[in-house]
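Below you'll find a set of structures to go through.
In the two complexes below, subunit A is the common chain; its partner is subunit B in one and subunit C in the other.
For the complex of A and B:
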């Protein structure tokens, strides 16, 4: 019974909605809201990796590349092409999907370490292009992101972006949960455990992996757009290698395959560095140490480990 | 009616002729067993027939059509399903989910429908689950439906693999040592199950080391040694074939003797 409740779609969504609703009550300052909005945004990108890595078992060390494409879509679209920012966001998401398809088709044949390195290469290329195409992207100095005007209302300041990113996270979580409980989700989880057996019952393994890669690319792209729109400014650093690593770390620290885990992992890696700034030069070292301790104590990730604890207590 | 026709099939691994010009035919409703000493090439033959390995020579026809170069997931569409000698279970999924994946090909939803949880997905999930539960009942595992497969015992997982393969609704079912590692009671259950499956009109191709089981349920037996066909015929004929006794039972006997002497 408890197991059913803990894993039901509604319960997960309610939990996330409660988290989003409670932050402005507990910590109404714009600094805290900004940090929380970053959690929702990176949580959204991490959710994409939950589908790719958590469900289907395929690694990517290049997903910040999609983050970068999404971010620059809402910067370049309005500034250089005169497109509406929201339309730019949508086009950015579509572009991420197309790029993921084109890149994923050849490299998803690779497995394990080899796939990791190939995706790493993809991320590096995106960062390189964003840095070197200065005429369009502003080069390493980055570029301004025009403000969004919706029905005559200029969206500025952290509060609207807090709610928009929170809403996007909820939608992302809903879709990820939908997939999980569907024929596609079962096929992805199956090929994670045994590709040969999945193919042996008719699962088109290559097509399913590609679908997961495209979906996860779109998630990261939308997250990148939201990041750029909220910050009002974007640099190629968005597509940087560190962000790719952070996304993978979020998914693993939070709990591979867990929707709530992706958000908790994002919170871990977004909030902790902020909280640890008081330690000044020891910040990075302590963060690294905390990551190690968490992985040693909760090797299955924070959320699955806690879930097991609760279920054992109840039993 | 002949459903599977294997003609002069062969593959080499770095000079080793693992399967060397093997031919056989299987009809709907019969139990066709493949036996032979360890390393004879039985599993390799299955891997060829199910498209996991590309045949170096020869052809495979399924229901009259040439399927020699077809990928595994496409062969399933044509009615071929199998189990694996070294278990290939979806360990992190529940028993019923394992069987539900077996039903993949008859599921009528699209990726977009799945993403947006359209009503058709819920209907499909219900249908798939019902079918999976029926199959679990058929192999006697309904009470394990919601258990994570990784927590189930070896003998149970062997039957779970059969249920999963049956979910694909095969015309030809290839079983690679389904009774290996099973106790007497479990072997008995598998024996009965195979009989039922064949009776339902499915062609069963069985690799098995348990001679008592093979001799009891097979309609015909193919004996392999060093990748080649050594003999083929009814269990009685094969058992009394001098070449088989010498090569297969002889080697087997030698191994038993080895074991006895430590």
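For the complex of A and C:
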């Protein structure tokens, strides 16, 4: 019974919706709403990566590159091409998908470490282009992102973006859960366990891996667009290497292959640095230590480990 | 067995979580007598830490010293300091936190142009004064009601150079600029103000940041008739190569370099060719060479001494920006006799003749930087050392 509830799709969505609904009630100021909105946005990017890493078993060290493409799409589109910000967001997502397809096609033939290094290279190239093409991107100083105006209503401030990012996360989670429950999702999981066995039972390994890479690229791109629109300003740092690592860490800390885990992992890495600022210079060291402690005591990631605990207790 | 291990894991996780939550709730050491809270978001770590670290040390030192003297308006000052690691997104989150959660009355910070631009809307919306420590002129042009900055801009350096040229009767010049970020930006600023001084650029050459030989460009300048002086906006090793090629070609015209190479390493790189080169530099660089009558001398020497004894590191102009930022703010709060953000803002805008480490600040409703060309000192390199050329 409990096992069934914990693994049902509706329960996961309800849990996320409840989290999104309850934060504004508890938050003493809009600063907390902003932090929560960042959790939903990075959670969305981590969700995409969980499809790639948690299910298809492929490691990407360049996912912030897609975040950067999505972010600059909503900055450059309206400012330089005169496009509507929302259209730019969609075009950015399409662009991320196309780039992921073009990049993934040759890269995904590589396995293990080679794939990680190739994606690392991709991320670095995106950051480099955004930094050096100053005429279009504003260079290392970054550029303004025009405000979204919807039906004459200028969307600014923390509250509307909190609900937009929360909504986007729910839609993303719904799509991810449906993908994972579909035959394609099962094929991805088979691939994770053994590529040889999956190929043996007729899974088109290369095509499924590529599909997972494209999907995760689009998720990161949309997350990047939302981040840029909420902040109203973007710098090439968004596509930086450290952000790629952060995304991978979110997926692993939260729990590989868990939808809720991706969001919990994002919360871990967005909220903790805020909580640890009291430690001043020791902040980074303690953050690293906490990550180690969590990985040692909850090796499968926070969410899967806790779920196992609950099920064991109930049994 | 499995179960006890699992239970232990759960307990460990619970302990870690509760420790985190408790530390999050007790924010900072609480000072007696209702402190005045001043916020600061700096890039003390990350790629911009060479700027942010001296800024952070300076602010901490200054506030410590201020509290020993009894604070402002009889109240202690609490500096709420956050490190954005050079990340504009983090900077913006911390800016929101300073306003919403810490309820600061003003902010001194923003190490890079990127982090500053990301934070500006937060402070403008909340109507909290924000004194930025970043370089770009876009921060104060157009003027925003609550945003100020302390570092001088490339434009001021250009004006200083052109002033000096005009005084020497040099009105027709050749330009040779680096295509790096600094060189490009400074060239653009110089071209904007060059007309104000009745000076014209007869040739306008450029070189790449990694070029190892600028002889062709310099030859073109040499062969252009009527050129009376040459200006080289650039950063890094490019200007040193220009200076050496300049001497090799035997060009006798006065050569001007920018504040971008105002460091000892430039003299070392360019060698004897640097003799006679002129460049504008901030007072901190030549603290001990300033004339005793210079109003900046006591301020600069004082800051240099206290920073160097406290940290054991040589003083930098970047720390000086932080020093000026917090001083402008403290003086504004004292003049306003209030910690109301609107009144502090008005007082900062009313700053007149404030002597800082970077220069003399006089703010107006149309100028939120307030530095004139006197914030730079024209230096000439003689005998491998700087010699100030200021009129006595």
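To be clear about the criterion, the second predicted complex is superposed on the first by the 314 of 315 C-alpha atoms of A that agree within 3 Å, B and C clash if a C-alpha of one lies under 4 Å from a C-alpha of the other, contacts with A are read in each partner's own complex, and residues count from 1 in each chain.
One rule holds for everything that comes next: contacts are C-beta pairs under 8 Å (C-beta built on N, C-alpha and C of every residue); 3 or more make two chains touch, one makes a residue touch a chain.
On a predicted model such as this, the values are computed, not experimentally measured, just so you know.
> After the superposition on A, what does A:211 contact: first (subunit B), second (subunit C), both or neither?
Touch partner of A:211: subunit B, not subunit C.
> Please work out whether A:49 is in contact with subunit B alone, subunit C alone, both, or neither, and reply first, second, both or neither.
neither
> Contact-wise, after the overlay, does A:233 reach subunit B, subunit C, both or neither (first, second, both, neither)?
Once the two structures are laid over each other on A, A:233 reaches subunit C alone.
> Between subunit B (first) and subunit C (second), which, if any, makes contact with A:203: first, second, both or neither?
first
> Please work out whether A:181 is in contact with subunit B alone, subunit C alone, both, or neither, and reply first, second, both or neither.
Touch status of A:181: first partner only.
> Is subunit A touched at more residues by subunit B or by subunit C?
Partner with more touched residues of subunit A: C.
> In the superposed arrangement, which partner chain does A:95 touch: subunit B (first), subunit C (second), both, or neither?
A:95 contacts neither subunit B nor subunit C.
> Between subunit B (first) and subunit C (second), which does A:190 come into contact with in this model arrangement: first, second, both, or neither?
first
> Taking the superposition as given, does A:274 touch the first partner, subunit B, the second, subunit C, both, or neither?
Only subunit C; A:274 stays clear of subunit B.
> Shared contact residues on subunit A for subunit B and subunit C?
Overlap of subunit B and subunit C footprints on subunit A: empty.
> Taking the complex as given, what residues does subunit C use to touch subunit A?
2-3, 6-10, 12-13, 16, 20-21, 23-24, 26-28, 45, 81-83, 86-90, 92-93, 96-97, 99-101, 112-115, 117-118, 121, 125, 136, 138, 181
> Can you list the residues on subunit A that touch subunit C in the complex?
The contact residues of subunit A facing subunit C are 28-32, 34-35, 38, 134, 139-142, 144, 157-158, 227, 231-235, 237-238, 272-280, 283-284, 290, 293-294, 297-298, 302, 305-306, 308-309, 312.
> If you look only at subunit B, which of its residues touch subunit A in the complex?
Listed in rising order, the residues are 50, 52, 71-73, 76-77, 81-82, 84, 88-93, 97-98, 100-105, 107, 109, 111, 113-117, 121, 124-125, 128, 164-165, 167-168.
> Along subunit A, where are the residues that touch subunit B in the complex?
The touching residues are 175, 178-179, 181-187, 189-190, 192-194, 196-205, 211, 215.
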